[in-house]
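Scroll down for the structure; my scribbles are underneath it.
Labels for the chains are A, B, C and D, by order of writing; each one numbers its residues from 1.
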């Protein structure tokens, strides 16, 4: 009961933010120019998703940290955003794309050389048989030797047009290659924080009360420093007008920043009576379509670049009455270093809540 | 009426900032060393344009975010600022420039080879006809093969001078290419926030008062986080000395920072009685040559780089009594993701002001 | 004596943070939802190592600034983290790696060419003797000429398969080279603060009390600006439950930030009675396995990049009753510039403590 | 007179910071562990130069912003810091260095080829005369064709050793080139704020008191935003012990930050009675070896990089009783843009001080 009213309490607060004022009142307000509503509005948390996104079956942030939003009528070029795509696509895809591009460019140029006449490619017949396919393949190989500027010269262009085309192709090759280099470096040096989040967040006993917790590790060998984490609770609330609105509450963390992040880190939101989760139940989390939004920021060690990572836990990714199994497993015999077992990340043990 | 006086009020405040003190007062001030004027001056907002720019027909910030300022006697090299130009020019222009440069370099070197004697280029006659043009074109092709280091070798340099020139050209080619690569990568990795601003800003009803609003979207697919916006009102005011001075007022926003920027964002300046826009009319905006200056900052997601965007609305780019049409159009059937229609950005509907 | 009690004092404070409350109290707390423990916990310093790392023989931060932590079950790819490794490895190792890679790639491709038949490499016999080794070496050289795109052409591929393989190898070569370029630039432009720390930290007389001090210099010629330093004391403390826990205390510095860092800088923690080191002895430092953790941040001048440096002094790297020998040795005759002798960095002279 | 005492006032404050306490007092202090000296010390400004640098004839910051400090016994490699040098050296020097390196590498390799026997370079005699010089030059050209991977092939290596050397050289060439590319890009993308400071700073009438002023412009076309400036006064002061110590005072600016920096900016330190310059004379500036240290920070527009600039005015670079001539010269007829004349930067007109 008590709990229910608590939630109602919140909801009524929510509904307060759009009361129905008498005309006189509004007139008075306008004369004063001041507005209590404005002050309330300014207090309201908003992460940038807005209040309208109230479909209770869709999540806000996907597992990979991207936003669960589709944009209609986005301009084609803005949609493809070539560089962004080429930088973020996985290596195998990237390399096969490069290869495909290489093959097709050569095919294209080979065709052009054919149109200008194969006989302008001196030495072709020494390389490939004097058939249609043979000549084409010869032109193809010549093209590849030009594009990559390897230029053996056992096939060589003759006459204005063929020589000209070769001159253009070699320059084109250099530009392509310049781009490839840029992309390679871009892919390499792109700052990414590969944080692994515990499979589920938990409601666990914490000191003499309870806390909502999740655990993270840095998967990479390069260190992160100055890591800070922000957590927000997003949920639907019914306003006086009966409509569902999405509201956001920052969740205060016991510790939201660490200088070093050498091993694992358990983040704890203590459920005090100021917490929006105070006295909340699993059912309420579900019915209010609750989602915990996480934003992590840090500095990557190798290049001293700022990195960040997004994640979210939905109401059904929360375990009640559990505690994380420790990952620190003593000291490594050889190096006398502290030993952390990353496999323990997701492990929890049941624990009675306070 | 009331409104007029309000504006006068402002202007008189403006004029207050340079009162005429008696000699005694100033003497006293100097003895005290303290100065009320200094305190006032420190309070005055200044974005960096200064107060002198008071020609009412010129705008401060252009649509593309550049400043509407011309600098006389700027040193030539500072003016061209080669790298900056090559990085920021559009792709077609950049590529055609590269091409032109390639052609002209080859023409130049071909001429040099000619001066050293075409007969030092062995094999020339097999490639191009033995005419003046033919020989020149042959040298041109040889040059291109050297510059791009494709070096087929069916034309090859002979003798000290021609070989030496070829050696220099090939090195020169490598350097050029190194530059090209640098430029390519520079153009790629340059952090830009391609924010699209609503065509007009609006005066709209907001809660129980009114607000000045504009709306933005992120045109790109790569996300922006930690987006914050600063808005200033710039307008001319008549001081006691009758001169027009440009003054700047920060406009307090209902919400000036969001963690995430997945979709659209409507920025609202509530017109409370503290607002410099309180009780302001379209006529007054026009006569005071008002301009709304916007500075947006954020972090681009792919490379975690700081980006920013400038924009400005002039008095004639403001619509009175309108509200923006919602861009959130429910949930995408397939992906269950929230659906945003970017085409709605500029759409407004008439709305009665409070 | 007095000192001993002081340390006990600290320890008991430590133990305070987990008192044994009566069931009634905890019930009350829970009803209140408030928790004094939570407040205490929030106050507790934690750099990110956690309290569990309590093996008194292992250090937290290694001399090179890396963390003394071993991670079990780390995914293979995360462990190698190729780019990170290639960027951070010393130059000789990097270059020899490149060389090895070059040799082995050529060996591999030479084998392939052999499988496709050496007779498809025209001109081989003019380059190397017509023996098994000779032919293989010839193919090896041809491969190197293809990989580097030098392509003399005195050896040239014939037929579909060999030409095709050559086409692939030349593209492969370009990609490799693109990577090499990226790595080169990455290694070059990587921001590193090569700070040298004095061999030992000292307890020295400071004004009318004592201070714990260490001294640093910037080893490089490129300047650092906005340098700030954070120092924490980490030590083991016995809690009421008799267990050892590692606790962290920030050490307040007389001056923790400088705009410029042109020469040397002595950092001083004044041992006032608020200091956790107040009245502390060498024995106590040792028995509590004390370690001074240092984090330095700054801006590197050439590229205006943020850089940082970690270091730590353990209890046995502290000298009692000493003072640093000045490094400023007057003015350089020629340039009239201030003269700093870097060799003095580690030099100390005995000094009686207050 | 009054002024003189003022300065004395300051000096005595300076001397206050090291009073002579009775043994009792110091004992008491130590017992208390608290220290008034510590508090005073913490208040003292220090930019990082320290107090010892008290040779009155040497300046702290050079005109180019570098620090006027010489470091003895700096390790060789730290001193050269190759990358830093190659990035910061002027273009002509850089390019001639590249050229020299190119020539000498080829000379070196040519010698090696000679040692392995010129007869292993097939086709040499067709390129250069069959003399000692001729053969060497031929080898030189072959080397250049290998290093740049142009590889015409009219000269080609024969036999194991020569072919092997060529294989190594071509790889070596690629690495060199990769470095060159890295350097090129580094030089291009290096963030520099080319701020021009007015030749002299001035003491000018400011509102109803006086102010110390200097003026800056951005020489480049790419914009700076969020520009902030810190100014400190550094001067020698005599302490009670008769020694000269260098002390630093921050100078409060009327406006120390602007969002935009489209044109020129005059920075003003109002000389109120809180100012360390209050009632100061030219003689006093000189005798106390005063130097105004300036640190400017901003964000460069094209790449959104942080940039900074250092500068300093010594006592003899200050003009008394002058005011800057305005640089804003109305509106450009064509573009209707505000017109700024950069040539006016250093221009001042005499002005009577308040």
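As a convention for this text, a residue touches a chain if its C-beta (ideal position, glycine included) is under 8 Å from a C-beta of that chain, and two chains touch if they have at least 3 such contacts.
Given the structure is predicted, the values throughout are model-derived calculations rather than measurements.
Undergrad: When A-B is set beside A-D, which has more C-beta pairs in contact?
TA: Between A-B and A-D, the larger count of C-beta pairs in contact belongs to A-B.
Undergrad: Looking at A-D, B-C or C-D, which pair matches A-C on over half of its contact pairs by residue number?
TA: The pair repeating the interface of A-C is C-D.
Undergrad: Please decide if copies chain B and chain D contact each other with the same set of residue positions, more than half shared, or with different positions, and reply same or different.
TA: different
Undergrad: With chain centres defined as C-alpha means, what is the inter-centre distance between chain A and chain B in Å?
TA: Inter-chain centre distance comes to 27 Å.
Undergrad: How many angstrom lie between the centres of chain A and chain D, each centre taken as the mean Cα position?
TA: Taking the mean C-alpha position of each chain, the two centres sit 39 Å apart.
Undergrad: Out of chain C, which residues touch more than one other chain, so two or more?
TA: 145, 149-153, 177, 181, 185
Undergrad: Going by the contact rule set out above, which residues of chain C touch chain B in the complex?
TA: Where chain C meets chain B, its residues are 149, 151-153, 181.
Undergrad: Tell me, which parts of chain B touch chain D in their complex?
TA: Where chain B meets chain D, its residues are 21, 26, 29-30, 32-35, 37-38, 41-42, 46-50, 52-53, 55, 57-58, 66-75, 78-79, 81, 83-84, 87-88, 122, 145-146, 149-153, 156-160, 163-164, 166-167, 170-171, 173-175, 177-179, 181-183, 185-186, 190-191, 230, 232, 295, 305-308.
Undergrad: Under the touch definition given earlier, write down the residues of chain C that touch chain D in their complex.
TA: Going through chain C, the ones touching chain D are 95, 98-99, 102, 106, 126-128, 137-138, 140-141, 144-145, 148-154, 177, 180-181, 184-185, 188-189, 194, 206-209, 219-223, 225, 227, 254-255, 258-263, 265, 270-275, 278, 299, 302-304, 326, 328-332, 335-343, 354.
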